[in-house]
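For reference, chains read A, B, C and D in written order, and residue numbers begin at 1 within each chain.
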């Protein structure tokens, strides 16, 4: 396993969504009869999709609307919602910034300190909507914010950084003890992001209830350009699924894995499940919902980093309601709407009854030359 | 066979037309002396090309013109021709829709119910033209429409869905019994689309007379973007050809396979035969004929799906008469005209006398970097 | 050798110039001291480059200028020069045609019959310039034109078709007997184009003095799009070189091979030699010379095919004198000028003294992602 | 090791930065606690980046500013600085030339002879700035200029040509004796550029103190287009690192290798270290600094070659101060600013404490389809 990239140096070939495709089997199933549900701790969800903790995507209103439709939205405790009383007018400033200024505007807005009372307030707002409430923090503040969030009534706590490992070395500050936090919290703790079999196994052993998978593949993320780091999602998801299955066999505890980032179409979401995901986390697709606070704009969590921004403000545009994006009817044919309907139809065509069966369908390597060609054709038509 | 895409997960590398090329052998033949004929049941055709059951391509007038030139056009019984008395004015509405509206206009037009009397009428119209008449239906309506079509005088019945397998599971409706329908019908039944050796073998065993090969590769099709499903045609055709040859060896019955979709040039058609096809089904190339009802526009059969459209209205433009597109003289040098002449010249250069020999020529893997480069050059000239 | 492209079907991976690169060795040489010469029959040339028999590139004046600089230009006996008394005004019509009309204009112009007296006249004109004279014909007319050409004083006779094999099958006409023509001619006979070891060996055994290598790779050629046929030049040249070396070992006769088509830069020319070429044939690069009759335009020999044109009129633009294109000084840095100087510098950097040593340098597989990127950057700068 | 590219011909697959990515391990480290230092001879540097000897990048003022920030800038002794008293006005002429003229303007400007007194003057100017002074020459003049430079107080002498080997063959002039020059010089001698294990080993054996790695990959370099020569940097760096490690094991002397060219983002720089580099040489990234003499323009050293230019004047634009480019805060998210901060963050995420550990992190093969897609999206937005 691995190819020589230089004398004495081998590298493994890894694959992304654009490079693979799914193959139907010997049976097809009525799409209305497939089960797309998944489970996190004791919480059950009909829709196996999380909305990413991005400030252009999830605010309290969005979280309620998304929860009522059967999914789980994650509110970012490190973002605009907990730094400002009136987040809408702040988001307005980001939207109105010129493309050249946007990164700098975002950097300056995120200088405002986080207010702990706003954390409690936002969680209350979501809980008043009578939906499952998930919030996220970075590892440095996870212990403090986790405690506040749990007390305020949050149902799921997410600890998220670009790269998360069980062990973090520093002589200057005390690093997060995941074992300790998982024991202290009564609600499910989801951790990420990680890549690789070994790291996944170590993280599962700390007691986490879910694992976010994927480093560097998202549309609003430039981790690979800036840090040189990134693993394509097909390989990452497969590797982590192997760790999950091994851990389950060994301990009897099933830790669902959530593929996060890099899925731009419903086809990509279908592929993530085929590679072993239990659920997926999506950002940019939901930024296009009428209900999203960013009004068609979104930006990554690391965009605001003052010294080393690793994200771009992207204008995706509004294309429909959240309900249309999740369940259709679709007015677009490019895989950006009716994500759950597409998953159902795909499962039906592939002949699988539920997500666990979906994780076993045949995957082939088949670069999408065609798509490229289509765009070229469009370009050609306009230019040549 | 297969490469590791993740721990414990292997995937097979599959190939599309853009990735392969054909290699001449030690002999060349006068192109005028090669035989391009093929056979479906007892029907013989000089031109090994079917016109796809797309509403922008085949109406009754087109079917007659195409049949008189030696090919076989398939009329879509699920489309505009059987929903509307005056299909031309309906098609006009689709053509005149703006790019942004087109999918929605198509969705609404296909809401009109199918009229059984129009099925009979369209078949009569084609038969009055004294050509072989082929019509198509989706599996759900195949039993009913097949009976009507046969009584009305159709010569070939095509059952077509995005993915067709012998077994379809549903607790809510009775699924199609292919064995039964093949026994009931006296005319050849062609079924599709399928990919893969096993599925092809199972379908052949039901008694079908022809098999449509290919899922997701067509120009007007976005199955891969929406469902994540698709297999490139070179591999699909080769696999299915292997199943056909095995089935023939075992039973003595030869079930021709028809590669459907993804061929954008005469070169791609030549490659389909080299990969094992007995015939090909082409849509977009014929949408460019003066005789096509779409007047240069075409759209896929799944574009009209109300919940999950998987196709785009494409404007290909009119470039010549149907005769020119099939037999030349060609006024274009891009492989879009004189499809049969190109096939003859290719067969001559490759030194093969008929389609069966063509199925054995050497195929190489050779990505078309050049084509990309040409387009770039054109783009550059206009922009830079 | 070969990869599975489908069940029971293997294909060989073949390579083109864009996919490979050359690697310097342990020694470098002063570029002024390397020898670029080659030999065809008893004729010796300092410049290992032939000018292709394209009507936009070679007329009698160009042939003389090119010969005086040390190269060998081939005049097309099937083109405008032998069909019209005043070829310049005919070429003017092609140049002035709109892009949409150009193929049709070329088709109509080539309907004019060839005049045998013009064949003699053109050869005399070249010979009056006191340079080696090479002319070309298609196989169907090779016997007749070869005789005329030899009598008129031609020094080299080239027989060229898209695909040439020793054996051509037809019940309607007598095909070319290469053994016979090679014995009948006293001047070297160069034949092409071919690909592959076996075909090359068979052609060499007929007594030819040189072999043109390459099917479908040229810039003005659309053989691959139209016929599906084509082999990338790196593999083709390597295969044919292996046949040449085997034939030489067996018979003691060295038949030089001439890589023809697909070289767009001096770097590509260097790579052709590294793959085993003794000489190269170039068209588009010389169409950019002030001396070229096409005034910056060129088109392939099969563009004029009335039923199945396989070529495009390309506007390359005039960039310098023939001397500058061959020997510099170069005013451009893109590999389109000073072809011989670039070859010398490359040979010096690679540490090889002559073409025979050049045929042995290390070749690596290294896709030119960079070039793509550059163009993208240019596009981006202009558009985004 | 190697793939068949033709009969009897094998080639090795080599890799570039765009094709690989880095994978985090089981530990992360506080980025503020990693060590980015490296050593050349007895000179120690905090910043493992050299500024390339390009006239658009390094003049004496830039060299001082860069040195004060912890890096090492190389002044080109063959360029404008040593040919002209007032280099700024000359550079102004290059900047103001139209794109079509720029190569010719550069060619003519570099016709002016080099003045030895200017060599001494420029070195004094740098030394007055109280920083380490590095200057470069081509091999032909290395003996003479090396002596002058050392006497004038230079601290590092760089001998640089497109391809450098220990042995250069010429009957017309005496070639450089590296053994001799290394013995004669008391200051560290850095030599380049080279590719490959064997050549690196031979060069190290001559006594050099550092080796520049890479032929043909730079943004302003067209060596591959013109000469067909080039090896992608991932493979080149890995190969050379293997030679360095072998040589160190054998002799106890550690000769640092400096990857030169082809790094367009901080991510690429991180990858170079992961492939085995001890330091990197960067040109275009620094041409974007306010302090660069080219005011956002840069051109390669071979651009001025009168007969065979191999480089382009590129307009990169000014994006910030040199300090911002090296240490941030970054106002851009594309990996073009805060190069050292990005390296630190990458090292932290990868869990490595210093460059030597960084040389051992896991590299994967993962083509950047994503980046391509982003650009396409931008293009699409503007055009379609």
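Convention: contacts are C-beta pairs under 8 Å (C-beta built on N, C-alpha and C of every residue); 3 or more make two chains touch, one makes a residue touch a chain.
Bear in mind the structure is a predicted one, so any value in this text is a computation, not a measurement.
Chemist: Shared interface numbers for chain A and chain D above half of all numbers used, same, or below, different?
Modeler: Different residues, largely: of all residue numbers at this interface, under half are found in both copies.
Chemist: Please state the rotation angle, between 0 and 180 degrees and to the nearest 5, that superposes the Cα atoms of chain A on chain B.
Modeler: 90
Chemist: Indicate the whole-number Å distance between the mean C-alpha point of chain B and the mean C-alpha point of chain C.
Modeler: About 38 Å, centre to centre.
Chemist: So, what's the distance in Å between the C-alpha centres of chain C and chain A?
Modeler: Chain centroid spacing, chain A to chain C, equals 54 Å.
Chemist: For chain D, write out the residues touching at least two other chains, lowest number first.
Modeler: Within chain D, the residues that touch at least two other chains are 12-15, 235, 379, 383.
Chemist: If you go through all the chains, which pairs of them touch?
Modeler: A-B, A-D, B-C, C-D
Chemist: State the interface residues of chain D toward chain C in the complex, per the touch definition above.
Modeler: Interface residues on chain D, with respect to chain C: 3-9, 11-16, 18-19, 103-104, 107, 162-173, 194-196, 198-199, 202, 215-217, 219, 222, 224-232, 235, 262, 303, 306-312, 315, 372, 375, 378-379, 382-383.
Chemist: Which bits of chain A are touching chain B when the two form their complex?
Modeler: These residues of chain A touch chain B: 1, 12-15, 20-30, 32-33, 197, 234-239, 241-243, 265-271, 274-276, 328-335, 338, 341-342, 345-346, 349-351, 362-366, 368-371, 373-374, 376, 379-381, 383-384.
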